[in-house]
Amino acid sequence: MAVRVGVLGATGAVGQRLIQLLDPHPEFEIAALTASDSSAGKTYRQAAKWRVEGPIPDDVAETTVSATDPDEVPDDVDLLFSSLPSSVGAEVEPDFCEAGYVMSSNSSNARMADDVPLVIPEVNAEHLDLLEVQRDERGWDGAMVKNPNCSTITFVPTLAALAEYGLESVHVATLQAVSGAGYDGVSSMEIIDNAIPYIGSEEDKLETESRKLLGEFDGAELSHNSVEVAASCNRIPTIDGHLENVWVETEDDLTPEDAADAMASYPSLELPSSPDQLIHVFDEPDRPQPRLDRTLGDGMAIAAGGLRESSFGLQYNCLAHNTIRGAAGASVLNGELLLENGYL
Amino acid sequence: MAVRVGVLGATGAVGQRLIQLLDPHPEFEIAALTASDSSAGKTYRQAAKWRVEGPIPDDVAETTVSATDPDEVPDDVDLLFSSLPSSVGAEVEPDFCEAGYVMSSNSSNARMADDVPLVIPEVNAEHLDLLEVQRDERGWDGAMVKNPNCSTITFVPTLAALAEYGLESVHVATLQAVSGAGYDGVSSMEIIDNAIPYIGSEEDKLETESRKLLGEFDGAELSHNSVEVAASCNRIPTIDGHLENVWVETEDDLTPEDAADAMASYPSLELPSSPDQLIHVFDEPDRPQPRLDRTLGDGMAIAAGGLRESSFGLQYNCLAHNTIRGAAGASVLNGELLLENGYL
Amino acid sequence: MAVRVGVLGATGAVGQRLIQLLDPHPEFEIAALTASDSSAGKTYRQAAKWRVEGPIPDDVAETTVSATDPDEVPDDVDLLFSSLPSSVGAEVEPDFCEAGYVMSSNSSNARMADDVPLVIPEVNAEHLDLLEVQRDERGWDGAMVKNPNCSTITFVPTLAALAEYGLESVHVATLQAVSGAGYDGVSSMEIIDNAIPYIGSEEDKLETESRKLLGEFDGAELSHNSVEVAASCNRIPTIDGHLENVWVETEDDLTPEDAADAMASYPSLELPSSPDQLIHVFDEPDRPQPRLDRTLGDGMAIAAGGLRESSFGLQYNCLAHNTIRGAAGASVLNGELLLENGYL
Amino acid sequence: MAVRVGVLGATGAVGQRLIQLLDPHPEFEIAALTASDSSAGKTYRQAAKWRVEGPIPDDVAETTVSATDPDEVPDDVDLLFSSLPSSVGAEVEPDFCEAGYVMSSNSSNARMADDVPLVIPEVNAEHLDLLEVQRDERGWDGAMVKNPNCSTITFVPTLAALAEYGLESVHVATLQAVSGAGYDGVSSMEIIDNAIPYIGSEEDKLETESRKLLGEFDGAELSHNSVEVAASCNRIPTIDGHLENVWVETEDDLTPEDAADAMASYPSLELPSSPDQLIHVFDEPDRPQPRLDRTLGDGMAIAAGGLRESSFGLQYNCLAHNTIRGAAGASVLNGELLLENGYL
């Protein structure tokens, strides 16, 4: 029997991707859609300016959108996906958890809180148990798990694959697609024939979220990984797919061949949205490329390539679809993990 | 009285920029144009598919193009600018020097040869004296000076400005414009809605040319700088302007404020093509940007910005117009330096 | 049992799309691949620079490519798809037909020949019978059917849907994607931040092919339609999907509502590659758009929108995926029609 | 002595272009800048997100911005340029004119009013005398002249050059740059790898403004031209420069050669911002192109090309820089015309 799910912030760019992924989902059934007060009472078709490929699923199109308020969401909804703007999320997400809802959230608020698990299932599924601490401390019946920022998700799985060599330092430069900023986030005059070497607070997210994701949970407390990360973030004129240049220094010797093996053999999971292979390693030095490789594993895989020695340890490139693996798909995968681990 | 100059490889993308810069030049007068054999005998208008902004200068348009052969260039030409493909350059440039011509070349062949000065006038004008060694060793009446690769020119002036702090290591990721590959170098299907994390042999150029440029010439021999450089090169969908993300570790403490002062006060020269200010330092964290800042100083200035502390020393971005400061303008500036230093 | 098919010119942009469509095809099985002499003897993986989304199908990747010569293609191949450059097609396609092969060709040569059927199955399937005339006249055991140019295919189905109103004159302006010119057809420097109001001989194709497609075949001779067509063709910076602005004047009164009904109800076929609905008519005035609507019906549907009255009859926009519906898919559909009509 | 001028709506995209053109202007001196109430009291540097090439002129940067209110603009300002949003313009422009200010406005409100001259100086300077009627009817000491929409300005000069042949019908399809919608008008997700076949109310502007511009003023009343115009407007991914495909049917026979002569010889004016040649006619069939040709005549010229016969009269393409010739430069030129005709 399908789990009844709701989407908070259903009309935005990530909300639309969530609907696209949840509508055909084998375990989940869309039972509630919320948006801002100005959309409440409208059908989804009226409320959303639908912009992803393909039409709005028929049944979703005629669903009435409600306000983003725990009182407006049916009690028999078992799982919420949140793609609220972070300022809104900071305000209302705790209300939902307090009202008893279990939530998988893509919003950036509270990601670094001590008692909020920040999870990429293939990397640190065991952090989910932090929810016990969370419920204890906050007195919630509900629960809140977060997925990291899209640019963080792109490179952390490759680091996790190399962790056994002892991560010491990471430099990462990102070439990020415009969809990461939402539908109206980057104007065309800003980015055509251009690049912008700055994305507000993005570098900090890569540097801190990666250390939390790669940290250890001892059942009571989460310690962050000690790897030093320095990020430089750029916006470029691509629609989807974040490409990243990475340099890693490790304690133990690490050849490009060792690294390729470690990445290619890094295990995926058996969750419905898991890709068959998590990390695809290309031999061709000019891959991965956003337009050609962002849809690997239906947008849920990571692509890596260009593994080579540099003056400072290993150097390589990696890529992920930022609104699927990096946002909506990440939240769905966390929802599947919550289900599998008995939190629903 | 104007110096009579010739352009080898005059019909290509860099050749066209050379003509655009040389036609109104106060010291130089275009007296010879060469191209491949198939163009020899045609007027420049017939031979070149002119693609830079504005029309072909009238007198240039009707000039007859000759083959790229020392016998076809008039003896009274005092200075040659070469923008030949490197394979052609490797073959014919030495013939011109042996025939007595002084040459400022943008072609990548021979840049790393021990007796060929690789020069950015504001950075290492004193390397020009290596020409004495060159003439001695090769028995040339002529001489050959090279400018570095466009991606190298973009970041080396900023490193030169910081050299007093003791350069130890540099990581650099480049976001390079398509014009760097020549008019037909990157197809539109390769790059629209895409990025390519690989440019053949480009990373090696940044790593080795920068050490030569920052090296010391003792009158007899050139020692390369010991700074370790690791580069990662990407092609993105911009027309002109290479943007680079740089991390620098130095022996001495270096704050972003110190670095900004050092860059902004780094001296320009009094050559005709020198910009008034060599390095513009932006306060706005989202600058420089290719489309907005590539024409600073008529395309001959360097722009820097986003100076900040990272986990590993200083971090910043820099930008230069790749076909002006990074290619044609670089060659013209070296030609002006040759004139000022009495080599013509 | 599957029909054994071959692809002539299998390594090019349209050839790659053909393989992508034929590999999972329910009726066809790839049994031969040809390319230029320099590729002959290599595996397809070695010979092709694969550039469409997703990997090369495994069995295709290891197939040995042969030269484009009737002697090199196995006799038990029943159907050939040709995506040869038109100059090559003009030379070798007749040799294959004379050798007994039945061919569905996308190449532009011979499209306007009196005895060559130019077919869009939903529009003029009955023209296929012209093959009897062709065999008679040429003494071929084989046969050759052509599909029209990608920009022609985009608007002709909408005209066919309106034909009952009496077509008098058509003005059409095209905004064409770069993939229409092949992988290296348009350089990035030509088209980024730009548009080119000219595509060699393209306007003539729209004007003449449309009249042939809309003509009548009386069993012996094909008479072209008398509608006057004036085309203006532009290349713009999109990857896939040709968008066209159309004005149509008709003998009978034609309201936008009538036109929408006629288009939406225009029948599709039951062939394996036929879309469920041939022409999708959008109510939103800003649709269709290439990026959002080119994959309708797996790239085999036509999208129309913006139907409105102008000073001169009806005005509207239409769109099709130029390398699927407009090229590879068009050829496959013609192959399916050949099979259904007993020509194999 | 310089005329003191003010800019209403000085912080927007067209306002920034106005400042760029007015700062070095030989006849005008910037004496007042207005913007929305939230900007009033700030320096221009603080109020404007400056986005055109090059820095803000120093003196302008430190000018204090005032509210857009006649009481806030000094009385000794002789001429106002307005680039207000049309809804704001409709409200406040009449107040300024009533308060005695003479205004050259780019805002779209009131363009079609019977007593408001809509002027392209080279086309219909004599319409300026309609200001007498305007002052009579409205009792204004001030006066208001409008320039047309950017897409209208692009093709009307070419029609004016052909008017002697008797204009009967015009079909025009536009490929418009994103800057025409203002800095935030088109999001990058809307337009990268895409085109949009709709711009709200734009087609109506081309159809009605062109007839007014080509009309005749008999000293009392303005009669619109009877030419029928049908427009189809598209947005494409270019930064600046509107490209248009035009078909014209005329009463008298008109060959492409006649048309080229008529366009190339159509006179420019002697105003400071007039280009030396108004219409450049290209022989190359693939010109004009936005990126290569938009800066002809410092962005104030019109480019035409591709003149050829169609099934329906003459066919050609034309291009203009939409924010210079099509907006800010158009207003400045009208200001110069007002000065020359003694209205200041």
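Structure notes:
As written, the chain order gives the labels A, B, C and D, with residue 1 at the start of each chain.
Simple rule for what comes next: a contact is a pair of C-beta atoms (placed from the backbone, for glycine too) under 8 Å apart; a residue touches a chain by one contact, two chains touch by 3 or more.
Computed from a predicted structure; not experimentally measured.
Compared with subunit B, the chain whose C-alpha mean position is the greatest distance off is C. Over half of the residue-numbered contact pairs at B-C are shared with one candidate from A-C, A-D or A-B, namely A-D. Annotation: 40 Å between the Cα-based centres of subunit B and subunit D.
Rounded to whole angstrom units, the spacing between the C-alpha centres of subunit C and subunit D is 42. With touch defined as above, residues shared between interfaces to two or more other chains in subunit A number as follows: 51, 192-193, 237-239, 291-292. The touching residues of subunit C, counted against subunit A in their complex, run 51, 53-54, 192-193, 239, 291-292, 295.
Those residues of subunit B whose C-beta lies close enough to touch subunit A in the complex are 169, 171, 173, 175, 192-198, 207, 228-230, 232, 234, 236-239, 243, 245, 247, 285-292, 305-306, 310-312, 315, 317. Residues 13, 51, 178-179, 183-193, 237-239 of subunit B touch subunit C in their complex.
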